[in-house]
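Report on the following structure.
Per-chain numbering from 1; labels A, B and C assigned in written order.
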Amino acid sequence: MQVVFQITSGERDAQLSMLGQLNNLLHYTSERQTRVAIEVVVHGHAWNLLLPESHPFPEKIASLQGRSVRFLICQNTLNSRQLAADQLFPFVEVVPAAIAHLIERQQEGWAYIRC
Amino acid sequence: MQVVFQITSGERDAQLSMLGQLNNLLHYTSERQTRVAIEVVVHGHAWNLLLPESHPFPEKIASLQGRSVRFLICQNTLNSRQLAADQLFPFVEVVPAAIAHLIERQQEGWAYIRC
Amino acid sequence: MQVVFQITSGERDAQLSMLGQLNNLLHYTSERQTRVAIEVVVHGHAWNLLLPESHPFPEKIASLQGRSVRFLICQNTLNSRQLAADQLFPFVEVVPAAIAHLIERQQEGWAYIRC
């Protein structure tokens, strides 16, 4: 299984819902010993998900990262919010354009989940 | 044509909009004598769509089901809402994890529509 | 790269956000000399995006169209809003059913972005 999640919402409910889905998915795949590659592409208003000081569930994010979920942020989002990558969790990776990455992954055969 | 719809909204407008899309799609495919497989994966707040007593358009749901639309609900959603499958329409099927099902279908070549 | 965007929102913020994403994508692909085919499928409340008199950024739409983005509207949406195609930008194309088009493109290998 290979899947790319897209999140653009800055609201906690939407972010917690996505974190719950990631946990459910990891539970499902570990029970079935299925290999899974997961990427979460963060852009638009969702950047606060990756800022350690700004949200109430940093431990949830860090725990998912430790279970092989990759978190990617868009360079365009960093630019428009005047954020530097070193303000974010250290494991966050930067992609030049979120939409381009989502397209490339789908055309490589990955599934797509819009949060 | 093979397509999986994902709905998470509990709001009537969003649900009616999806039911309209399903009707339009069935009209399109029946006019062209195109075979179509449709699954609607219900999770999050959308569970009330499948509860006969709770919403105002049960006949719309039943009519779609009669035209080969399958309605699937997530076991995780049932657990978190303390719902039993027998409270839902009798034709509803349960999948262990909504997101996993959506990924599997896409990787089998199904299209994906996010409602 | 081949990608179909779906937009159903009539809100300016959501529409501007999509136009920004299209610009970022075109910038990305032109820098890398990557060929890209982009279609924007408009339905539901988003019809006002394609009505020249009703929104504040007609020049943005026209500029994207000049850069090979195709804008498609759903015949069902025109019918339900009692709109005629000649009220819209002259470059807008009509598809019989938005959802059917989104499914066909995905099954032809196009990526899908839900706005």
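Keep this in mind: a residue touches a chain if its C-beta (ideal position, glycine included) is under 8 Å from a C-beta of that chain, and two chains touch if they have at least 3 such contacts.
Remember, it's a predicted structure, so these values are computed and weren't measured experimentally.
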Fitting subunit A to subunit B on CA atoms, where both chains share a sequence, rotation angle to nearest 5 degrees: 120
Interface sides of subunit A and subunit C: same vs different residues, half threshold: different
Chain centre separation in whole Å, for subunit C relative to subunit A (CA means): 26
Shared interface positions of subunit C, touching two or more other chains: 112, 114
Touch list for subunit C against partner subunit B, complex: 6, 8, 44, 76, 96-100, 102-104, 106-107, 112, 114
Partner subunit C, residues of subunit B touching it in the complex: 1-3, 17, 21, 24-25, 27-29, 109, 111-114
